[in-house]
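Consider the two complexes below, in which chain A is the common component and chain B and chain C are the respective partners.
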Partner chain A sequence: MRPSFPSSFLLSLLSLLCFSPYTAIANASSPADSISNSRSDYHEQLILRPLPLSTLLASFNFRSNTSLSAFEAHNFRFFPRSLGQILEHAGTRELHLRFSLGRWDAESWGARPWNGAREGGTGVEMWAWLEADTDEEADRKWLTLTNALSGLFCASLNFIDSTRTTRPVMSFQPEGNHIDANATNMHLLYGVLPHEVVCTENLTPFLKLLPCKGKAGIASLLDGHKLFDSSWQTMAIDIRPVCPEDGECVLQIEQSIDMVLDIDRSKRPRDNPIPRPPPAHEMKCNTSKPYHAHDTCFPTDSAANQDWSLSQIFGKPIKGTCPLTDPTVSPVCIQVPGSRVVFASEGAIEKKNPDQTSRCFDFPAENEFEIFLPAPEAQDGSVVIEHVVKPETPLLYAERSFTGHGQERGGVQTILRNPSPNQEVEFIYMESLPWFMRIYLHTISARVDGQPGKADSLIQEVYYRPAVDRARGTQLEVRMTVPPASTVFLTYDFEKSILRYTEYPPDANRGFDVAAAVITILNKDKSGGNGRNSRFAAYNLRTTTLLCNLPTPDFSMPYNVIIFTSTAIALAFGGMFNILVRRFVAANEGPESGLKKGVNKLKAKVAGILKKGKKESAPAVAAEVEEKKTE
Partner chain B sequence: MNGGKVTLRRTAGLYAGAAVLRLALFTLFPGLPDLLTGRVEISTPVTSFKRLQEGLFLYNHNVSPYDGGVYHQAPLLLPIFNLLPSFSAFPIFTYLLYIAIDILSAHALLRIAESGEAGSSARFTSPRRDKRWSGAIIAALFLFNPFTIATCIGRSTTVFTTCAILHAIANAISGRPFHAMVALAFASYLSMYPLLLLPPLILLCYDRQKLPATGAPNAWIKFTATMVMDVLGALAVLFQMSFFLTGSWEFLSSTYGVQLTLSDLAPNIGLWWYFFVEMFDSFRSFFLAVFWLHLSSYVGGLSVRLRQQPLVVITLLLGIFSIFKPYPSIADASLFLGMVPLYRHVFPLLRYSFVIAAIIIYTTFLGPAFYHLWIYAGSGNANFFYAITLVWGLGLSLLVCDLAFAVLRDEWEVERPEMAGKEIRQI
Partner chain C sequence: MFARRPIDHGAAGDTLSSETQMATMTSSPMATPLSSATAAQTSTRKEPPPEKLSDIRRRIWVIVSFWLIVLLLGLPVWWKTTTIHRANLPLKEMLDWADGKACRPVFPLRISIQANSLPEQEAQNLLRLTQHALDDLNDFSGHHLRLQLSSPAAPQKRNDEPDTALTIRLLPGDAVTATLDPYEPVLDITYPPNAAPSATSASSSLATYVAGQLRSTFAEEQAIISYLLSSNSIPTDYRPQSLTPEAAESLAKRTTRSLKYAPTYHLTFSLFTSGPLPSNWDIEAAIQDYLKPVLDLLSPIHNFTIDTQVQLYASPGVQNQVLSKDDLSSFINAAEWPLSPSIGGAPTVNFIVFVGNQTIALSSENARDSAEGGLTTSQSWLIPQWGTVYLLSLPHDTAHVSVDALKQPLLTFTSHLLSLTGTPSSGSLPLRLSTLSRIRSADLLLRASSTLGSLARLALALKSISIPSSVADGVSKTIVHLRQACETLGEAEGLEHARIAEAEAERAFFEKSMVGQLYFPDEHKVAVYLPLLGPVAVPLVMGMLNELKAWRKRKREAAEKGKEKKKD
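Let's turn to the complex of A and B:
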């Protein structure tokens, strides 16, 4: 018997009023302890993984639980109160929020951390399951949620309006355990802001949600200067209800930050950040190159700058552990081959994991903690020893780009490469495009590289909701497969609209950001039976965002255009009605018009003056006579 | 008898020549149809063939084509094109359909020309009426007009409207008012604006019908009411069929609403798009109303002033629509330019024929060039293309005004035969 997540608000409020806070906390914490002994309410972990080409992946993970009954009783212990109240107010069952920057270089870095489950496309991305009876109510709650989160995270989430919101049908499944996961009152809404620049003002509220607020524990390493200087970073917040097989349901909030740091760049001192070439004697050259000589050098990448320490990279060591964290989970782990030496600060206990590729460190709560990874020993060219754990090959590589030129129309081409030699990949490709990219769905085609002609059998299912001007964006979900060891080109055409001039941003010629395509690779072996324990997606990835250049009007001359066009219309209208309403007469008939009368008078006067002045001015007189004659 | 046969043979040869030319362009230059379909001068959001294909695709996949921002054309086009074998597999059937439509239009134009209505209507006979071109020449001028050919190759759906309008006129002249009204209803159903041709078309039908010489003073009221009821009835049937086809009334806002509110601001040769790109938001609806009012303001004035020659009213209105309607294309200009040779007899009275010809040729070449500079080369901005559309509009409106002037002067010279060739002025 599990309580449904948002239940009687009034009752819980009453209970809060009746009992003293201490009793309430005691009541709340006791069932949580009884769920499982292994899982504490809060734990945090930092996993460091050196990647090829002198980069370092740092994955911060913070997870806390609160029992649903405590949540409903407004007992916020580890769960942030500010967020909890927003969720309750907006009827949110499950929330996922992503702030991302940069591009994951899958070709050299391999598979994504967490199998891509904790990342978003560049900018801000969020999706949530809301409890609502109708679509309109869901939209209202979504608006409440985005506006509230916008204030909480200092992000422009309030700009997620109807044109940027979609309701994905195939791409997302709830991660948590919902009692009625398929019920009609669960609405999934998805919004994305590709243009949003993620920065320090988003990190600060993120850290404030943590129990130790970034003052202690691994979160003390997080600093805007380093985080937003990385090659790729993503901050994720996932809130979901989790119901273990035995025991009470808990509401879980998982916050994670993944970042890829360029070690060279991070080691540069902050007061002298300009990169300079290393002196010649410090350069490590690739001696296998034929042109290697005493005055030429091809720098080696592999072993370069593999020595680093935490304080070099992050600017400071870890300030002890967060006292609230679960002591059974090691706070820092590093994934390097077992052969490499890792020095840790005094008092730390190194635990090598049996897989020989990772080791974890426990250290006293009050000490500062530091890791030093010395450069791998020099070796002769014959023996190649891995300095870093070889990156796992991802299930799929995806790249998306525009085709065509000009500001009138274009095409989108996604190159999907399946590296596996014998397994085909089935996935859902989702695009949410702005309305001013009018896509032509009849041009969508998939083609296997090297095989001429379309291979439409690759596309198995398409869900398409066309855009409506100024009201709704395009939503396209394609379920498709890529055969083993092959590359598939997915293409479609679109047309660029011209907007009203007030609809362009101030930097109109920069272009408009188009959100990343979301690729969800389906999990084939759903061995969990009811699907509870097996994840819906085996792997997630997102392409980069695109920049779409729209035709622009001349912003400087609205008045001129209004005047010119009005003049053209007036000329046509005036010309036509002038002809229609006036009578025809012979040129010498009818009354003289006022202007002509004046002109004639003037002419006569001029002629008179001329006559008086110069008697010999015969041509003028002749002209005068002729003028009279025509009249 | 023999002469008739010769004429018939000549006409058949003309149609065959036009068809062969089009077919040759379709088949010998396979890239040409798509190139022309992409041109803003030919395809507008409400007539583009590519959008029609998208609508057809959505319609065939059970997505309402009107629940989106791409398809703004009449619902009945969907089953018509659905009946044809699939375009991607057998494009030749679509080509043949478009060629047939062009020839049908030309044939209607030929009937109009042969009737001699332009020179001598029921109430007016021009003194110059003998100086006219035969129907075959007028049909040839229409069929071999580069604008008409480009429209046909670009497969713009305006050709259906053109065909319906020309048949409405031809039927009205040949004394079949009901057929004329149905054809006009069809044209209005496809493009909305031809509804404004209703008053002059009723006048034309009224003049041309073989009335029993009744003295009933209110016969014309009854006649007008019948005609209006015919059009409304035909429209109601078409709308009802569309409703059954799409299952909802949302096609109304997506087809006619777009023309009324100009929500799609794609560039075209008209004057509306740039004006409403640059318009301040608070004045947008006001100026939309003004523009529509302006468009319809000519109907009354022309119908009253040129009551004796309703065909002239229709011609002038077609010219005005080709300049001032929301999404004009060169297809509209080609219809107007196809009607103008009917007035061969007043050509000597045109005052600016050289200027007009020069402007039309000049804009025809500079328009695409400036569009390229703006969109592709990036060395020009939107004002380049806008300026050309402005000149094009001015050139065509000069032609419309000049034609009106010539026709009115021709009318006036019936009263004052001695004034032919003399200097005149208007007061």
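Let's turn to the complex of A and C:
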């Protein structure tokens, strides 16, 4: 399957094939256009990285540029028209939108892809820089933006109201080039919807924004069944203006999807997804165990020897390349040790990177492309060879959980672990909490594991904006450090407030989602000049979301209250009124009660009937009746 | 008479039985003996001692004051807190507008005649005769052509009078001919020297000819306006009866085709292709060349914003090579093509160039007519109130669509845009546009009136709907602007006023807070009121009834006593 004839020839053939549309475009359009063409208006790339424990990280990245002049003239070519109009209408200068699901297992998978810059907390997260003269105007534009995006992405973004919107001070910095980045008319707003369930209806509009839709190129692999079946996935849209040092400013839209697939799970046929033990002859045994024999088997970490191909995992091969993509960027790359064999489909050219950990593939635009990764050959059974690239250790591990009990108070504890033996980590910890979690700021404290007493000197700066009931949430930003090779506990307490009857969601007993905390690890060397080269954040990570239980009432309450108070009032009023207006007389002086009268009437009637039936015995009956009465 | 009876009946029975022997047999007025058994029972009852007058009076005061509290305090508070705010609407006036009683749409069109070569006297006579002929021909009083003679001394002055709809230039020539100037609202009529009427003649063939020409020029406008009036509930005496069913049908088609009036339209030009090519087009230059001139002409009536997009891999809803009439409606792949309306309030007009070699089969009768040519095909179709699709067939490997290739599509789009905006189809362009502004003002006026009528009927029909004061404001603004529009109909301000009136009427009609409380089921009211009002109302009502009964009894007794006294 690997190319056997001179690859240079094939490369030139391929480049001819790929270039032909581009040369035509360049000839026909104006000089300015051809410059932007040479700078590549669109490119896409898929990076596959097998991770330990039989998982595979697939990172899809799509980036397209449009010149600001074309954008302002409303001529949309690669940039989606629908999004462009929304940005213009809402005066948005930079936009970041995230849809995420699942949890990144940092302990076994290591550092996050893109250093965590392209991911969000569970649910939907968005932040944007808006151009507005006043805060009120910014709020209005934010409302327009969230509502319009909500329609575009079929997500409940319109529920990002003032209680879920914050204005972070330290955690975010614009990624694009803005002429007046610190000007007062740039407003950063951040909103998060932790409860939102990301699903296929969000993927479809996401794919529609791509120039080649999901019809050609690497995007043809994406479909909802696989994407939302993954252990962790995040979809990101980043829009920012980029000004290269030479030439015109462009508006760049970068769409990326990162997903971690469980290879075992993905390889199961879709019509038979129930896991079953493999037949005995397919079992992989660990032959190094002393008790290994022909009838005993200690299963190896089956992941180690897993083989897979694209169509096994995604259900289909890649359908050619998108003809618009930049031919200098290889569409598919795979990060496996150089010693491992990777088969690609015919016509593809393999390019090994010098670092020996990744290789890329170019393939003709019309062909289907397929990668097959055979199981690594076990060398004499006992030596476990390096079959995946060793994951990088992240700069920081973070975990957050609730402490305390009861329905009145609670606490939040975040465990921050710095794995580096000699490097201190400085970061900003940001929480945007719902207003019904009233935090006690004086209880915020840091403690180093294994050392008695508080270590509040680790907290260097706190920015706190208290919540206003039903109007805005709490915003807490803490700049702190974690010393090398140590674990720090950051804790604070809060009080749960009681909501109004109508403020409870339909599934109130499920609990209320609390958005993920955003941890931005600051870049130590800020001397790298301006622009995108000097990144403000070295690494981003987010904790998981929390589920906060609030006291929930019985929802038939209003009618109970109505009935109860009415009864009480009626009893009190009736009694009082009767005492006031009735006259008290001796028992035998009053009129007969209606009931007694009725009973007497009935008795008389019965007596009359009996009299008619037995005329002779009538007096006796009457006497009997009288006797009974006097008893 | 009101006795608190002990609850324990057994005990009461004992005391009664012990008293039975003592009691004297006085017949009680309350219980008549039914049998010997009950007689024995009731005979034990005693009349309570007579009540003191002050006690009776106090009890009456208690009951009356409770009732006063309920009626004077409770009822007003209840009324105040549960009443629905209904602002006062001028319902009568609104309904008048809807029925066309408030405004009689009249379009006085001023037509000036330039007859520089005729002597003043003769020109005046010609004018008078033509006006006569016109009045004879015209059966529609709403659409009135009024002639005037423009002074030959200042022929350029015509431009300063914007309310002149058409200028007739009478020029001496060889034969009687009439030509419409294609760029200006001018009708050139040539006449042979002998055709001009003398200053005194009572009839003139030239006058009749001019009148006929004028009438045919404005025939379409007249038909459209009379159609508009007839489709609204304007009383019959205002409108002509001359509209034939066929004409009405074609007008109905046109009206449904054209977009609702809006001051701004978003024009979206999209290049769709089912494959990867072409991905680039010279749309900007093409728009500049072919569409911009028309947009500039339309600018007094509408504003336009333009955006363009390229969409690859967009497969149509129908894959047939030759599209039949039924296929056209499903050709647009609404689920996949990103044709969402533009953001903002204005409607979007879509113009789609679809690159592909599909063609449209015209209906079979047309095909048979042109038998030699085989199947007649076409390239484009118009989707009413939505836009146009143009099928552009290009060589397979075209990557870039040039201005030349876009010429035909854009010319098609231009003509379709005119019909989508509702421009009449005959006459020269300036005349069509001035007609368009008159039609639009009439249309807006009628629409605003009918919205007012709907609002009035809604307010009358739903008694429980709330009417916030913003609605009343909107209605009064609408009526003010409608009145002004009605006065200035046919002029530039007329359109502006009609536009404001229509916007205000729509805003008032679609006020959100009106529908919020529309549905409050009666069961809920019962569930809320009954538990409280039931137990409270029963003692109140019973107390009052008993007191009334007692009072009547006392009165009767007093009357009997009086009688007895008289007898004595």
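Throughout what follows, the second predicted complex is superposed on the first by the 493 of 631 C-alpha atoms of A that agree within 3 Å, B and C clash if a C-alpha of one lies under 4 Å from a C-alpha of the other, contacts with A are read in each partner's own complex, and residues count from 1 in each chain.
What we mean here is this: contacts are C-beta pairs under 8 Å (C-beta built on N, C-alpha and C of every residue); 3 or more make two chains touch, one makes a residue touch a chain.
As the structure is a computational prediction, the values presented were derived from the model and not from experiment.
**Student:** State whether A:Q407 touches chain B only (first), chain C only (second), both chains, or neither.
**Tutor:** It touches chain B, and chain C stays clear.
**Student:** Looking at the overlay, does A:A607 come into contact with chain B only (first), chain C only (second), both, or neither?
**Tutor:** Second partner only.
**Student:** Once chain A of both complexes is superposed, is A:M557 in touch with chain B (first), chain C (second), both, or neither?
**Tutor:** first
**Student:** Touching A:S497, do we find chain B (first), chain C (second), both, or neither?
**Tutor:** A:S497: touches chain B, not chain C.
**Student:** Applying the touch criterion given at the start, work out whether A:A375 contacts chain B, chain C, both or neither, answering first, second, both or neither.
**Tutor:** A:A375 contacts neither chain B nor chain C.
**Student:** Quick one: is A:R438 in contact with chain B, with chain C, with both, or with neither? Answer first, second, both or neither.
**Tutor:** first
**Student:** A:A568 in the overlay: touching chain B, chain C, both, or neither? Say first, second, both or neither.
**Tutor:** After superposing on A, A:A568 lies in contact with chain B but is clear of chain C.
**Student:** A:K208 in the overlay: touching chain B, chain C, both, or neither? Say first, second, both or neither.
**Tutor:** In the superposition, A:K208 touches chain C alone.
**Student:** Return first, second, both or neither, reflecting whether A:A111 touches chain B, chain C, both chains, or no partner chain.
**Tutor:** neither
**Student:** With both structures fitted on chain A, tell me whether chain B or chain C touches more of chain A's residues.
**Tutor:** Higher number of touched chain A residues: C.
**Student:** Hey, what residues of chain A end up touching chain B and chain C alike?
**Tutor:** On chain A, the overlap between the chain B and chain C contacts is residues 562, 565, 569, 571, 573, 577-578, 580-588, 590-591, 593.
**Student:** Spell out the part of chain A that touches chain B in their complex, as residue ranges.
**Tutor:** Against chain B, the touching part of chain A is residues 405-409, 435, 438, 440-442, 462, 464-470, 497-502, 551-554, 557-558, 561-562, 564-565, 568-569, 571-573, 575-588, 590-591, 593.
**Student:** Enumerate the contact residues on chain A facing chain C in the complex.
**Tutor:** Listed in rising order, the residues are 20-21, 24-25, 28-29, 73-77, 80-82, 84-86, 89, 148, 152, 208, 211-213, 215-216, 322-324, 365, 559, 562-563, 565-567, 569-571, 573-574, 577-578, 580-593, 596-597, 600-601, 603-604, 607-608, 622, 625-626, 629-631.
**Student:** List the residues on chain C that touch chain A in their complex, please.
**Tutor:** Within the complex, chain C contacts chain A at residues 1-6, 9, 12-13, 15-17, 19, 30-31, 34-38, 40-42, 44-49, 51, 55, 59, 62-63, 66, 268, 276-277, 279-280, 282-284, 305-310, 312-314, 336, 338, 340, 342-344, 397, 399-400, 402, 527-528, 531-532, 534-536, 538-540, 543, 547.
**Student:** Under the touch definition given earlier, write down the residues of chain B that touch chain A in their complex.
**Tutor:** Touching chain A from chain B are residues 38, 40, 50, 53-54, 56-58, 61, 63, 67-70, 263-267, 271, 273-281, 291, 294, 297-298, 301-302, 305, 320, 323-324, 374-376, 381-383, 386, 390, 393-394, 397-398, 400-401, 404-405, 408-409, 412, 416, 419, 422-427.
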